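You will see two complexes here that share chain A, one where it goes with chain B and one where it goes with chain C.
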Partner chain A sequence: MTTLSHKPASARPIPNPERSLITRLNMGSGTVVGILFAVITYYLLRHHFGSPWRVNHGMDMTNTHFVNVTILCTMFAWSFGFLVGIGALIGPFRWLIGKDLTAEEQLYLAGDGQGIKRYFKYCTDHKVVGIQYLVGVMAMLGVGGTMAMMIRTNLATPGSHFIAPIIYNSLVGLHGITMIIAMIIVSTGPFGNYIMPIMIGAADMAFPRLNALSWWVLFTAIPVLCSAWFLGGIPTGWTAYAPLSDQAGPGMNAFLATIIIFAVSTAVAGMNITTTVVAMRAKGMKWNRVPIFVVGATISVALAIPAFPTFMVAMIQTGLDRTISTGFYDANVGGSGWLYANLFWIMGHPEVYVILIPGVAALMEIAPVFVRKPLFSYGAAIAGFAGIAGLSVLVWAHHMYMSGWMPSLNGPFMITTEFISVPTGLLFLVLVGTLWRGKPWMKMPMLSVYAFIWDFLIGGITGIYLSDVPADNYLHGSMFVTAHFHYTLMGAALTGAIGALAFWFPKMTGRMLNDRASYISFWLIQIGFNVLFLGMFMAGAAGQPRRVADYAQAFAHANLISTIGAYSVGLGMIVLLWAIIHSWRSGIIAPMNPWGSKTLEWTVPYPVPLVNFDEPPVVTSDPYNYGRSAK
Partner chain B sequence: MAHHDDQDLLPTPGQRVGTFLKRKDVSQTFVLGIFFTAVFVVLGLWVYPHWMPNVMSKEMQGNEDIMIWFTVISAPIAGVVLAIAMESFINMHRGDTPPPEDGPGIKTHGPVVVIWSAVSVLFTIVAIVWGITEMNTWSSDALAGSNNALVVDVTGSQWNWSFNYPAQGITSHELNLPINQPVEFRVISADVNHSFWPVQLGVKVDANRLSTTIARTTPDKLGVFDVKCAELCGLNHAYMETSGHVESVADFNSWVSQAKATGGTQQ
Partner chain C sequence: MATHTEFHVHHDSPEKVGRRERLGVRLLIVADGSFLFAIIFSWFYLRNLNVNNAWLPKGVKTFSTASSWWVIVPFIIVFIAHRVSMRNRSLRVPAMALSTVLLIIGAWYQWHQVCNMPFVAQDANGRPFYNGAYASNWIIFAGTNMFHYIITAFITLGLFLRGLRGNLLDPVLEEWRQRVAGSWFTWVMIGGILSAFTTSFK
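Here is the complex of A and B:
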């Protein structure tokens, strides 16, 4: 690794391309143009197709169909208008007339020296995009978590009626989709954008404008998803099974528009991250010297590239069913709900690994630094990720064992599913191998490694029962499933992301994350989490279906345990949020490399210069050459 | 710690293994491993029989056994993972500065990776063989019982279940079954997807619009079981439940004739 000299960023003159439209565009202009587009579209279509405030949206499906045209077009018009208004399309427009942005304009878009304003603009600097994702994800987790608290409050006692069933069902669905979206981006968004390019010694992402686009496209989905509440909610859960989704009221449009917009965002981000890693690594960073987080994040987004389009297609078909009655999923006219279920799970199972892999990879990046040992068997780690990614596209119908779609395929799908144990086992081997004979420096990132091992072990073992066809006869659709996937998505992937935040916080904010507050939050979250889902395993094993607003007296104890655990998690999250805000504003100033790590991002100062490195770094070894008698 | 690395210099594999086993961290990890394995074995054996409801069919017993024994056979693997994690946790370095000295520079260990992979493949094969054997038992039982199976047409609709006994010519919102007679549920939906779940009978199948799905079991205990919907189906999904009864053949027959007497429909 090379030593770097650098000039302070502020020495650069602030570019100010005179009279260029670009200087006047930001989130505000985006919002104004977005609303304008939406309002115009709404008024143009209202007379033709009706408005949601004019028809009676009861169970009569034909009545609501044309209204859905108005609603969907209004939503997409908002999204498109926002992108026009924030200036996302100026570049493509210039290409149409045979020009491009001037060098000055491009520098202006990178936002250098523009202070806090650049976070509210179409900014191409990957570090700005990383912070935008970080704040966005925290907001989503906050909203999704609040919904979880309301769900658990309603379920604290049987027959509580704290929340009416119609609102409860919407809460379940919107909690689900908010958390799924947040968890898909929770590691690759903030750390994949901010840290990863520096980690591989690049000046920026391969396509900086697409990078900004991926964030702002995702941003436009947030108001769309929120609008579900004002359109009657969604009754389907986040799985949006048909034909219930065909039957659902206008709120369902918000869901499907969100997914379509989100799928565009992930496709753009996925291509960008993959290209960056393939094409922009520093000199000397051969494939066997790439930090494991970079490998994990790349495999994760590469897996998302084929997965999300099927969700998008599933949702486009739902939209067509709901607007022009195509009947893809309507058995009455020759369609099939199984078509939806297949499309959904072809996305749905890879998606859980899209979420999981970057979290695990971040912890694999962390463990060697704090144990002061090489990552145990880099090859096994890559085999584990690649094996999981490869198998994950062949297991989707294990979600459909009990659907009746193809009972004869249950055996084959059970075999592929069970074999995921093998690459998953390798991930455990890499982590415990790294811990073996180590004396880990017990800081917040390292604590997350331990929490991950416990949580993912429980998630993994319960997954083995669920992959078994006979046992799934009992467990499918029960609270047991809910507890299982929370162990993997929250206990494993979110724990990984929190560890990653604690680890990279000094590089992203220039300050150390407060130790005491993060330890308190860690134990509140982890103990609460295990109590919460222990209760839910009990309820599920006792026979409580998932997604129920109410339950029988027999499940009372289990649910009360669950709710108590949930409050502890909630409290822990508030403490963590406080720790983040407090440390970001007035934490201890971080040294350049507080953990003594050997990856490239710790060789640059804070604030990280616009092009990261003054001189392109040269890599001469893998980043894990810790240890006595290292060979 | 330095003497640990000396093992690599010992001449024979036997001596190296001997030295390895005598190390304090190895013996501690070993004890922890036994402890965690025992915890998981006890949990597996104790938890599911206590948490799960009455077993009222062979299928339900099969489900419970899978949960118990999959936990037990996972226990040694969980034990090893947790033991190594715990051993390193006990040896933690605290403070505000990194540890003064690096740990041993072990980059990988071929035999360990191979053994670990082999064990997980073996474990996976055991789980698969167990699952397939169980599936085969279920289908051969179903085939053997298909001649004298009681057919019940189950219809899910928002938000209740109804049961039609075609051979007996009755329709009811109550599900009554004679003990020890194979039963074949032919499940369909009147509207959106539901999932028919007679909990204590250990089987489940989705109710789809216009496609009949089948679940088979043989109730073998007298008593009450719960019938639930296991697929989110809209507003009152949580309340889409009823109770079923496994009765003696005589009781079942008298219920059938009573139902017929009241016009073939029993609410």
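Here is the complex of A and C:
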């Protein structure tokens, strides 16, 4: 019989967390246990099957399959072991046995009074998780950017032997997937976690433990992805098309494991952010008073929740093909590469908007503050985001025009894709309308707004060419496509994220971002970026194929121009990194609201208290009523 | 954004927390539903494509349609047991105990099927392979069922043990968690039926 105690929590003895296991767990213990789990798994499999690195005569499985099984199991064991070692499973285990975490233990998990150590623990404070995401994203962008520099160096002149062709392929693939993952979390990770709960007047995220889980699960994927280098790389590019991915070497397993782990992290983070916004807004914050960044971030993660599992399925199917000889993508046993292409792009195109929308929304948050005008047509901005999100699930096959899959559907997919430029146009309208006749305060965040409008205009218009079946027939697989999606993802989404960082840097670090260094980095990045990718448009339009390590002499000038632009971007990123580190350590102390913004995050001091607000705020007006009386 | 403040402590009511948890679980169900959609899509796509007539090559045996349905029966019973126990509190602990046992049996039966797949063939070198796209797709449905069994058994075991202990922190929140668990039980039943329905098409 179920009996529920009505005894108040305070009447029961509370264990002292100083002596509990929770206090001893951190990133170090996670790493040790993760490695231990991985090593034990490896040796158990080796004991069972024999060494995977030698041809195993007389075994049930081929050597290749056994290598794949061993590597995948070892990687998942690492990930699981790390989560055990850092204490991620204590909460669920304690729930299972009916001994819930006490208030004192929860306070400890929130990092109360633990200083810098909390950044290396399973800390449930959303602000700590936000900083963890920020540092993680910067590291990933650094690694991905270094790979980009190597690619461009190889392409500086035709016939370059800077990188061997097979390594070039892997480099392109690893650059792609590293940057895609980094870009997916670049805005919603740091700002969605640190800033967004404060913006809506919440004390924390809806599920603090799951919030920490989403970061640490993602963290375990980073060494897994890096291990691809030591396992022969991923020669398929980031799209990992089947059956190439079925046939690729052991490094492909790192790719599969990374995506599967990342999909879990994304689902958990998406659920958490969505629930927080829907259920934890401050009193008085009706839907038409929700800051536009919050709306954009929520639509983005809500779109990711159904989108990423299809990629996960594609990866699991590839993994099964590689490990136990199923035939999802093997035509000999009834499989088809088209299945992969569909599953991949059903995720792949919404994913572009998962990346893009938070960046645009951040800039919409910035623009009214720096022109001291209300956001032009809040409703149009929402309609734009919602329209993009809705249409994004109906356009995936425009990536497959040339694959031969369902030619009769090319027309309908061309129409839906071109139609998506209507809600995208609304976003431009909102931004331009907000800037119209304003007197902008030209600080770094505002510069990003202007850069976005230019970059995304080019990215958007070139996208219309690619959505057109006859044009795509010529441009598909060329450098034109590479330039287009870099204008969209880097020119728009990364520019938005950099603007957001400059905007919220004072709230996250308590210091102002160095003006001079950030201006220098801005111009180096933006000029370099346009030189780089306008050069690439030239090469692509002239017919240079992408994902090829060498090219004909005819493309030499365009590639040299691109490489010069790339070095400028690289230099700008180094200056930006220096500005961030220097300002974080010894920048000018920031006032509580340096930009005079009207959203809630600027009403709390730095460091932001553990529960954000001493008393829950009650919202009585919209956040963009600059230059008019509150209503 | 104009604000004013009210004086009360930061402590959300169990009702609020419960609603929040229900929404969270429903969003996770959306993700799981998308996963299930993708594998159902794969099944019907490859079945209709029938590349090289290798969806189900000649002579390859399959599981019976009945076995596809038998394997999801525990999900249906768990759903019913939970609904009954929500109406009659005294039945909660036994209902969850029964559910846990049934789920373990169901998981064992699913594992038994995996260990006795009739469609695994051997090539000329004696190495096993999955003969036909039907076989490939079947294994992923079995894996999905197994995942649902593990998660659902974790929940029912937790509710059973917590019910046994009885000295739980907040009875209202505990009641909400029973309801939230019901959302998951409903979903795994629907997901199981969809899986069984799909795998009935050979």
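By definition in this document, the second predicted complex is superposed on the first by the 594 of 631 C-alpha atoms of A that agree within 3 Å, B and C clash if a C-alpha of one lies under 4 Å from a C-alpha of the other, contacts with A are read in each partner's own complex, and residues count from 1 in each chain.
Rule of thumb we're sticking to: a residue touches a chain if its C-beta (ideal position, glycine included) is under 8 Å from a C-beta of that chain, and two chains touch if they have at least 3 such contacts.
Fair warning: this is a prediction, and the values are worked out from it, not measured in the lab.
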Contacts of A:F328 with chain B and chain C, given as first, second, both or neither: second
Which of chain B and chain C A:A471 touches, first, second, both or neither: first
Partner chain in contact with A:V129 - chain B first, chain C second, else both or neither: neither
Chain B versus chain C as contact partner of A:P616, first or second or both or neither: second
Which of chain B and chain C A:V604 touches, first, second, both or neither: neither
First (chain B), second (chain C), both or neither touched by A:M252: neither
First, second, both or neither for A:M280, with chain B first and chain C second: second
Touched partner set for A:L391, first chain B, second chain C, both or neither: neither
Common interface residues of chain A - those touching chain B in one complex and chain C in the other: 331-332, 336, 338, 625, 630
Complex interface listing, chain A residues touching chain B: 165-166, 169, 172, 235-237, 239, 241, 243-244, 247, 331-332, 336-338, 371-374, 376-380, 402-404, 410-411, 414-415, 418-419, 421-422, 425-426, 428-429, 431-433, 435-442, 450, 453-454, 457, 461, 464-465, 467-471, 473-478, 537-538, 541-543, 545-552, 554, 595-596, 624-631
Residues of chain A touching chain C in the complex: 1-7, 9, 12, 60-62, 92, 95-100, 201, 203, 206-207, 210, 267-268, 270-272, 274-275, 278-280, 282-284, 289, 291, 302, 305-310, 312-314, 316-317, 320-321, 324-328, 331-336, 338-339, 342-343, 346, 598-600, 603, 611, 613-623, 625, 630
In the complex, chain C residues that touch chain A: 1-8, 10, 12, 16, 19-21, 23-24, 27-28, 30-35, 37-39, 41-42, 45-46, 49-57, 89-90, 92-93, 126-137, 139-140, 143, 154, 157-158, 161-171, 174-175
Interface residues, chain B side, partner chain A - complex: 1, 4-5, 25, 47-48, 51-53, 59-60, 62-64, 66-67, 70-71, 74, 77-78, 80-82, 84-85, 87-89, 91-95, 98-99, 101-109, 112-113, 116-117, 119-121, 123-124, 127-128, 130-132, 134-135, 138, 187, 191-193, 195, 197, 199-200, 202-206, 208-211, 213-214, 226, 228-239, 241
